[in-house]
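Order of writing sets the labels: A, B, C and D. Residues in every chain begin at 1.
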Amino acid sequence: MGNFKGHALPGSMFLMVGLWWAGKSSFWYAARRKKSAGLLTSRAAQRRLEVIEGVTILSFSVIGMLAEQFAADGPQLHLYDYAEHQWDHLMNWQHATMYLFFGLAGGVSVAVHTTGSAPLALDRMLLGVAFFTEGFLFLYHLHGRAMLDIHIHQLLLYAIFGGAATAFLEVFHRGNVLLELLRASFCLLQGSWFWQIAFVLYPPSGVAEWDLKDHSNMMFITTCYCWHFAFSLLTVTVVYCTACWVVHSKLKRTPSMEMGLLKTTDKEQESEDEI
Amino acid sequence: MGNFKGHALPGSMFLMVGLWWAGKSSFWYAARRKKSAGLLTSRAAQRRLEVIEGVTILSFSVIGMLAEQFAADGPQLHLYDYAEHQWDHLMNWQHATMYLFFGLAGGVSVAVHTTGSAPLALDRMLLGVAFFTEGFLFLYHLHGRAMLDIHIHQLLLYAIFGGAATAFLEVFHRGNVLLELLRASFCLLQGSWFWQIAFVLYPPSGVAEWDLKDHSNMMFITTCYCWHFAFSLLTVTVVYCTACWVVHSKLKRTPSMEMGLLKTTDKEQESEDEI
Amino acid sequence: MGNFKGHALPGSMFLMVGLWWAGKSSFWYAARRKKSAGLLTSRAAQRRLEVIEGVTILSFSVIGMLAEQFAADGPQLHLYDYAEHQWDHLMNWQHATMYLFFGLAGGVSVAVHTTGSAPLALDRMLLGVAFFTEGFLFLYHLHGRAMLDIHIHQLLLYAIFGGAATAFLEVFHRGNVLLELLRASFCLLQGSWFWQIAFVLYPPSGVAEWDLKDHSNMMFITTCYCWHFAFSLLTVTVVYCTACWVVHSKLKRTPSMEMGLLKTTDKEQESEDEI
Amino acid sequence: MGNFKGHALPGSMFLMVGLWWAGKSSFWYAARRKKSAGLLTSRAAQRRLEVIEGVTILSFSVIGMLAEQFAADGPQLHLYDYAEHQWDHLMNWQHATMYLFFGLAGGVSVAVHTTGSAPLALDRMLLGVAFFTEGFLFLYHLHGRAMLDIHIHQLLLYAIFGGAATAFLEVFHRGNVLLELLRASFCLLQGSWFWQIAFVLYPPSGVAEWDLKDHSNMMFITTCYCWHFAFSLLTVTVVYCTACWVVHSKLKRTPSMEMGLLKTTDKEQESEDEI
């Protein structure tokens, strides 16, 4: 899918997922701190939300896989072109493989949160595996391209492997809001960077094309990547502040009487051991 | 052992070990959760099983070492060929060295679980060392081969070092079922990839040979590696579900009276600290 | 800012920050151990100090950004030179980006310690991100320079990424005085190395210039880097001993009566589990 | 010190240190398990032993530094040869720098264990720093040598950085006997490998010289490195078993009456959480 749409589409998807994760984590963390545990923050509600998230990821992955296979220029499940003695649409197969792992992560997340017969951390481990596989395929994806093309995709790898590392760390530090927000930031970074790639490599008509061999372009792109990261951090901050404000203003309207019924043995999960 | 059999043999062994590990971990975890602790899940039974596993690994390693040395084309313990002033069958010596470390891991595991005079985590540390050494020898094993040959062996390194890293993590997080299943997945991946290497580099007669310098072959092999990983993850999932189902159906037949005798102070080992 | 001043300025800043961190951590740790908790070591006083530190970092970052943009040779917020069809003062934009992330870290630190509505560890995570971004930009900053120029900047990366790694570890091990002092050491190392770079690449007039292609110069610079590290470790040691001595001598003058009022449930944060 | 003695000397030193560490850790661990805590395993005795170890390391480092500087071919504290406009005996300065960091680690260890005014883990952190610096200097030490010379020194780096990583891990997992024994193994490996380097690069007269450009030599050396590792692991095992046996046989002679006086709340430090 070496075209504008092929980068803008995953970009939009990752942006939405990143926003969703930032919102979910912030809201739950704020609710937990304020102990305004209402309907939304109960364990059952959380579980239901996780299931919905898993189903959504699973459906989008299946749709993505089908689109890659049966779209106009897809391989339609043919792997080898016997007539021309070459592999058939390897790019599409690679993208379908990426979707496959995200689908696996989504499916397992649904299974974990509905049946409860597997350790909870499994959903994060498979999310980490999905991110890692995406990065792994991109890593061996860049042979023989122009310098800037390679560099701009390599920068993407930082966001992808950053997301994978964060998800793996969450296996051992589940519920740590900092890791969850960091993961959301990396996801947003990945999404906005896909858009940047689309604009750099396939500029809309009317805009001057980029010189893919100019070194100063490489230096600018590197700086630009940092701006995207700053932007994603700021977005997560804004989402977090909004969630805090919503929970806080909602709390005021809750009668204090109800508060006595809440358990106070809530163990705070983040490592907040100040001296 | 640059032939079909030389890759198919270790492949089969790693596949069996991976299946065994997946089954063992799944069954113990399921039994622990259901508290249906019967004969099989008692500490003594576990210890006996670990000893059997260790003895098996040790015996296969010794057989492997002897086979490498005394098979038809083996060096028969001669290290240096003084007639021709060159090293004698270095490949066989390298393979024997790999077996040596797995034998060490097996032997230490037996010692740890029979005498109990060493920390339990030692078996995992030496397993990690054995995997690391295997990867280390493969890393410096590939000088001057064709592009696809190098690439296909490098992919193998991901599975090997992944297994080593997981085993080392288990030293500090012993009993974490996720790590155990991940280790089983890496082991299955390694096994099935050995078979893939055998079919790619030494295709059975009647099948067209692979062009070892074609870049699209490299891209396909990379994608194919991900499919192997997905396959190994699915296999582990199937094994885990079977173990859960077996334990669950067995539990129903157990009279509930017995349950009261079980200790309830079972600390669950996995990091399942949901909020 | 490829000149003497451009390296001496950040060098001085990092030296001051390193000294400040070493002093702060040492003093708090010594006070905590001696339980001579007076006005300075109360939680409120600590919080106030953190806020002042955050405000200082934030202000210097804003000043730095403005200086990079509006100094004599700055881009004055112009990013692209349409006349000459090239990027405008990319170096200044890169340096401004570095300041941006330190400003972000400072701002977030202020927000965390004034409002208390975010997890405390957030300040260390963003400090880690700021160091990482600085190193990341330096990493892609060195294209086409002379051998010694590249090597001397690469050595700088060890100090920068060391600082980033230490800050990230502090997210999970907050209050560990060893990590705090290690971070201070890396910061001092970075500062003194910036001065070394200034003297090597832009020697003051009257001093012989360095041969940037001589290999023995490279070997000397590597050794010299280790001396800088030893020097920074010694500086931190001296600061630590001074802090201990100050706290100790102050404690003697405190009447012992007061001591009974201090809580004894102080959990010691460092991992001091000797056998 | 590019000669036989220059590699055999540090080799012998590391071998002795490795044996000492293996013995110390094994003995303490065995005594702790058997609860035969007599004079040797009391906290005061341990502290005294650590101080002696620190003083020994410090003295050897000072001697090493003086030897490097004032031996027949040493620089005698001259850093720059103004007559010939080149650096003076850079190799000796590098080796002296390595000794400097080990001396620092020894000195700090003494200070930590005598005054007790610094966190205990500091001794391991500086040990890790000393190993890391040694590896760091070797890393940039190999420019322009023959292939086998570079390879054989690169293999050494695995042992050095392995030791550094283990020491750093001990900062957070102090008293974990597995890490202590692993550190001892890496130290033994380093020592025996130094001897191997001496024999390969500077063979004693009468022995055929090695062809430094032959690839099969490289393959053999890699395999040989694994044998050294297996040998060091076996040595540590033998030392550990001896220590266990000594403690066990000593325990039998202790009257059982005394045992009741021992505290049973001894927390075992290793992560031995079997299910």
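Following the convention adopted for this analysis, contacts are C-beta pairs under 8 Å (C-beta built on N, C-alpha and C of every residue); 3 or more make two chains touch, one makes a residue touch a chain.
Going by UniProt, the chains are A, B, C, D = Transmembrane protein 45B.
The model shown is predicted, which means the values in this text are computed figures rather than measured ones.
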item: Starting at subunit B (Transmembrane protein 45B), fewest touch steps before arriving at subunit C (Transmembrane protein 45B); value: 2
item: Angle of rotation relating subunit A (Transmembrane protein 45B) to subunit C (Transmembrane protein 45B) [CA atoms, steps of 5 degrees]; value: 90
item: Residue-number overlap at the subunit B (Transmembrane protein 45B)/subunit D (Transmembrane protein 45B) interface, same or different (half cut); value: different
item: Identity of the chain that, by mean CA position, is farthest from subunit C (Transmembrane protein 45B); value: B
item: Inter-chain centre distance, subunit C (Transmembrane protein 45B) versus subunit D (Transmembrane protein 45B) - centres from mean C-alpha coordinates, in Å; value: 31
item: Averaged-CA centre spacing for the pair subunit D (Transmembrane protein 45B) and subunit A (Transmembrane protein 45B), given as whole angstrom; value: 44
item: For subunit A (Transmembrane protein 45B), residues that touch 2 or more chains besides their own; value: 173
item: Contacting chain pairs - touch in the sense defined above; value: A-B, A-C, B-D, C-D
item: Interfacial residue positions of subunit A (Transmembrane protein 45B) with respect to subunit C (Transmembrane protein 45B) in the complex; value: 29-30, 33, 158, 173, 177-178, 182, 215-220, 222-223, 226-227, 229-230, 233, 237, 240, 244, 270-275
item: Interface residues, subunit B (Transmembrane protein 45B) side, partner subunit D (Transmembrane protein 45B) - complex; value: 28, 32, 43, 46, 86-87, 90, 93-94, 97, 100-101, 104, 108, 117-122, 125-126, 129, 133, 136-137, 140-141, 143-144, 171-175, 267, 269
